[in-house]
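Look for subunit A in each of the two complexes below; its partner is subunit B in the first and subunit C in the second.
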Partner chain A sequence: MTRSKRIAGTIAHRSAILVYIVVALFPLYWLLKVSVTPNDLLYSEGVRLWPSHASVDHYLFVLKHSDFPRFFQNSVIVSGSTAFIVTILASCAGYALSRFAFRGKYWIVILMLLTQMFPLVMLIAPIFKMLSPLGLTNSLTGLVIVYVAFNVPFATFLMQSFFDGIPKDLEEAAMIDGATRFRAFSQIILPLTLPGIAATLGFVFTAAWSELLFALMLISSSGVSTFPVGLLSFVSKFSVDFGQMMAAGVLALIPACLFFLFIQRYLVQGLTAGAVKG
Partner chain B sequence: MASIDIADIRKAYGPVHVLHGIDLSIHDGEFVVLVGPSGCGKSTLLRMIAGLEDISAGEIRIDGRRVNDLEPKDRDIAMVFQSYALYPHMTVAENMSYSLRLRRTAKERIAAAISGAATKLGLDALMARRPRALSGGQRQRVAMGRAIVRAPKAFLFDEPLSNLDARLREQMRGEIKKLHQSLGATSIYVTHDQIEAMTLADRIVAMNAGLVQQVGSPLDLYDRPANLFVAGFIGSPAMNMFNGTYCANSAGPAIEVQGGTRIPLQRQHQIADGAAITVGIRPEHIPVGATNDAGIRCKVELVEPTGLGTILHIRPFGTTLKAFTLNRDVSGSDAVTIRLPAEWLHLFDAQSGQRLP
Partner chain C sequence: MTTVAQHARLPSDHRPFLRRLATASEPWLYSAPALILIVAVMLVPLALGLSYAFRDVRLLNPFSGGFVGLQHFETLASDKNFARALKNTLFWAGASVFFQFTFGLILALLLDRPFRGRALAQALVFLPWAVPSFLSGLNWAWLFNPVVGPLPHWLTALGIFDAPTNLLSDPQNAMWGPIIANIWWGIPFFAITLLAALQAIPRDLYEAAAIDGANAFQRFWSITLPFLAPTIAITVLLRTVWISNFADLIIVMTKGGPADRTQIVASYIFTQAFRRLDFGYASAIALVLLLLLMAYSLLIVLLRQTMLRRA
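Coming up: the complex of A and B.
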């Protein structure tokens, strides 16, 4: 390839990436823009990329005068516990599916797949009916249980595929070296599955963090509302507080971003390179 | 060090039977090679000794102690895997010391053990590296180092050289043999490579289709293969086989092959006159002479120079045979004379494939 062709190719490639980034990030930018636009400029300035003067009033209002801090706290509790419980269950189940042959394994996998086939809307009424007599509606515990139940199958498949990628020889070598199966799992296999665990934690955390349907149906008091439900409270009968809603949205992004920042170093692949031939 | 006794070991995966009753006694300090084609059950047998596969029936004893129900960790054996199976998140030193750390060995003893093994295997400069920063040969050495630091009762090798290139394989073969001579450890080595088996073994166990075909010293198997399988498997290039009829008339015992050629035999065999037999002869045991020598005249169809000599493809009586000669000046389409010396012929029952008494 000639030099000019190569440069043209590079430019085309980078432009395509740029277009993608702009399209993907523009809504976030708009969120930020609206959140710093004072109410009096929101409709008066027309469509502008940045308001003529910005303010943090919406943020202050959201933090001081709304239930947002409570929603936020509820969301952290629900998403954090869901991610934690699901990852532990999925790691154990994924390891079992990956390594052991047992009676009924095939049917368990089919059953788990089956649970993923129903639209959530179909299940809301029966779930409400089940949780209600147990006193688990309108409670964070109930929400965590439902989220765990819905996320475990997929997370299990995810973890299983990570375990499948780790050669069986490694734990066999450890067992011959003198480790019990559990020790081989915890000292040899688990450290190599950190990227998988990080991916599962991240996936489940964000899924629970942004879940609206169940939260809306199972929670009725604002004291136990999660943040997506809370956001709806900015929509009143006669108006929508766009500025405050967007400010709350920006604030809600922060933990998700921090979470990914924290786990991203485990998301790198290639940790198992050098274990076996190749 | 220990002896290993295997009694009527069987393995079945559901309805599929992989091992059909294996009996084998391995003496203290012996180097035994299990050899056979892929799927013959040799690796399964090794894994059963290691405790990585359940035993369907039969008994395994290590040093007289029944180990059928013992966990791998309690059998005190070490294993070198085909894939090396090094722990990727540990350095070479940590890989080698893992088994000792699990046994809560004193730090000074661990350091002494791994430095001794490292020196023996030439790994001193690599101790702080991770497996991914090592070449294939180095990884292989670390895997062996991990096995020897602990001075186990027995070493198990599962095709440890098959991922290396030909030169490195030859070198490592020599090192394994040297290591065995210096440690004198009971070793079981699985391979499908008959050269590895011949060069390393005190005794070879040839396996096929889940059965032991023959147990003996490398030269036993080479000189007196018990059946057609062993005859064809051991030796490279492989033994020539052709069909014939056993004749035991007044002219003395002989084999009659296609076209009426008679090959005289040294002695009578316990088989009926006129019975169909399979005859084997190794390529290096067929003397090749000039056309005016006495013998069977035939044309050379193909010539394979090996450097040391030449492998000739010839067709003396309707069957292609290979003959190895040190003469390097033979060319295709030459005519040669071959002889089939009676002392080098191996006779097998054509039906059962067993060596004729």
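Coming up: the complex of A and C.
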């Protein structure tokens, strides 16, 4: 290959990458831009790439005079408890799948795969009907129960793959020394899977943070709205206040981006299984 | 493999009955909490939902709940909105998967080549993957809005639009709005999966091919593609099913409108349950969707087997 041809190839390659970066970031950039544009400049400066002066007024308003802090808090409670409970249940179930050969294991795997196949939108009506006499609609607890069940199968497979990577000799040695299996599991194996536990916590937290349809169906009072529900009702009520909506949008983006920064190193190497689910 | 299995095979087990029971039930104790929850919150509602499809279940009518046989399905057969939603689902899933896959493959190939700053570039292009779906929907709805978004003005400047109008309120082309948002959001997924598969291809194959004089296109065609084929097949299949069921973007961006032009089957089910509170009819549509998706998966599996047999 001649030198000039190689340079042309490199330039084409870098520009293609640049195009991808611009397309990926532009919508988020615009969100940020409108959120710091004062209202009087919003219409006069139309498609300018940055307002002639920026302000944080929209953020201050959203934080002080709207329900968003409560929505944010509700979402943190729901996503946090979901992630915490799912990780405990999935660690136990994943451990069982990884360490025991037992009758019925095959059926457990089939059952969990099945739950990943059918459209969850099918469950919206029956789950509403089941939860409503129990007083679990319009309640954060009800939402947590539903989210935990939806996320446990995938998290179990994820945890199983982490347990599979840890040699069995470790807990067998501990059990020969007289420890019960549960003690070996909780005091030797679990600490070794901490990175896996962190990844599972992160995945489930993000999934619960983003969930929209079941939250819309199960929650109708704004006191227990999660962030997506609150933002959507805000949009349909005050659809002219773009600056405030986008400031709220940027706030909703923060937890997701933090998680992403933390996880993105592992994305391509180890967590293809996680990516397959979306 | 495990001590449990070895013990079980011993001719006479002198351990007390309770100890043996404890050993046998151990894996079940570990998995029981997860299993009970899955059965109670997923399988029971699934069965209940299937029964709703044959019953009259309307939330606002306390006298509903009776068995109506196939009545919902008869209504469905002549429901023009459902027929349109089916057609829209094909377009939605087909266009989304096609563009997500094409751009995702190109991105994976670009990132597979080492260059300075690759880690940073990778982090930036994968960022949309982390954006919650409701937020990407809102974000794109705002970008298409002529009041705050630049896209209508730019498209007008390019001569694609006659005037800066909102794409999402144009009945002819509104579907492209959620599709574009979906492409933006889904490219990283395909790129991540395909990049992982690309990096598993042994490098010496390319070196050997280069020594034999194969050009870049020949190397792609006879090494890269065959190695990627299984990953491509499985991701495209799973993703098509997943996107057919994915209603978030549509519900956030257009709510199925204007005039049901962007309604897909999944969003139609949600609308029936959420707005009209007609759980029976919603469940009947859901049952049909389930059957169609199962038929699609079966078709792909059969197709694959015939192709394997021929090869």
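Worth a mention:
In this text, the second predicted complex is superposed on the first by the 221 of 278 C-alpha atoms of A that agree within 3 Å, B and C clash if a C-alpha of one lies under 4 Å from a C-alpha of the other, contacts with A are read in each partner's own complex, and residues count from 1 in each chain.
Assume a contact is a pair of C-beta atoms (placed from the backbone, for glycine too) under 8 Å apart; a residue touches a chain by one contact, two chains touch by 3 or more.
Bear in mind that the values here come from a model prediction, so they are computed numbers and not experimental data.
Looking at the superposition, the partner that touches the larger set of subunit A residues, subunit B or subunit C, turns out to be C. By the touch criterion stated above, A:31 is placed in contact with subunit C alone, subunit B being left untouched.
Touch criterion met: A:191 reaches subunit B, while subunit C stays clear of it.
In the superposition on chain A, A:176 contacts subunit B only, with no contact to subunit C.
When the two structures are aligned on the shared chain, A:115 is found in touch with subunit C, with no touch to subunit B. Legend: residue contacts after superposition of the two complexes on their common chain; A:130 is shown touching subunit C, with no touch to subunit B.
Residues 172, 272, 275-276 of subunit A touch subunit B in one complex and subunit C in the other. Across the complex, subunit B meets subunit A through its residues 50-52, 71-73, 77-79, 81-89, 98-99, 102-103, 130-134, 136, 139, 146, 150, 163. Listing the residues of subunit A that touch subunit B in their complex gives 167, 169-170, 172-180, 183, 188, 191-192, 271-277.
Within the complex, the subunit C residues that touch subunit A are 1-5, 24, 26-28, 30-31, 33-35, 37-38, 40-46, 48-49, 52, 57, 59, 106-107, 110-111, 113, 115, 119, 121-136, 138-140, 142-143, 147-150, 153-154, 184, 187-189, 192-193, 195-196, 199, 235, 238-239, 241-242, 244-245, 247-248, 251-252, 266, 269-270, 273-274, 279, 282-283, 286-287, 289-290, 293. The part of subunit A that touches subunit C in the complex is made up of residues 13-14, 16-17, 20-21, 23-25, 27-28, 30-31, 34, 42-43, 46-47, 89-90, 92-93, 95-97, 99-102, 104-105, 108, 111-112, 115, 117-130, 145-146, 148-150, 152-153, 156, 172, 181, 206, 209-210, 212-213, 216-217, 228, 231-232, 235, 242, 245-246, 249, 252-253, 256-257, 259-261, 264-265, 267-269, 272, 275-276, 278.
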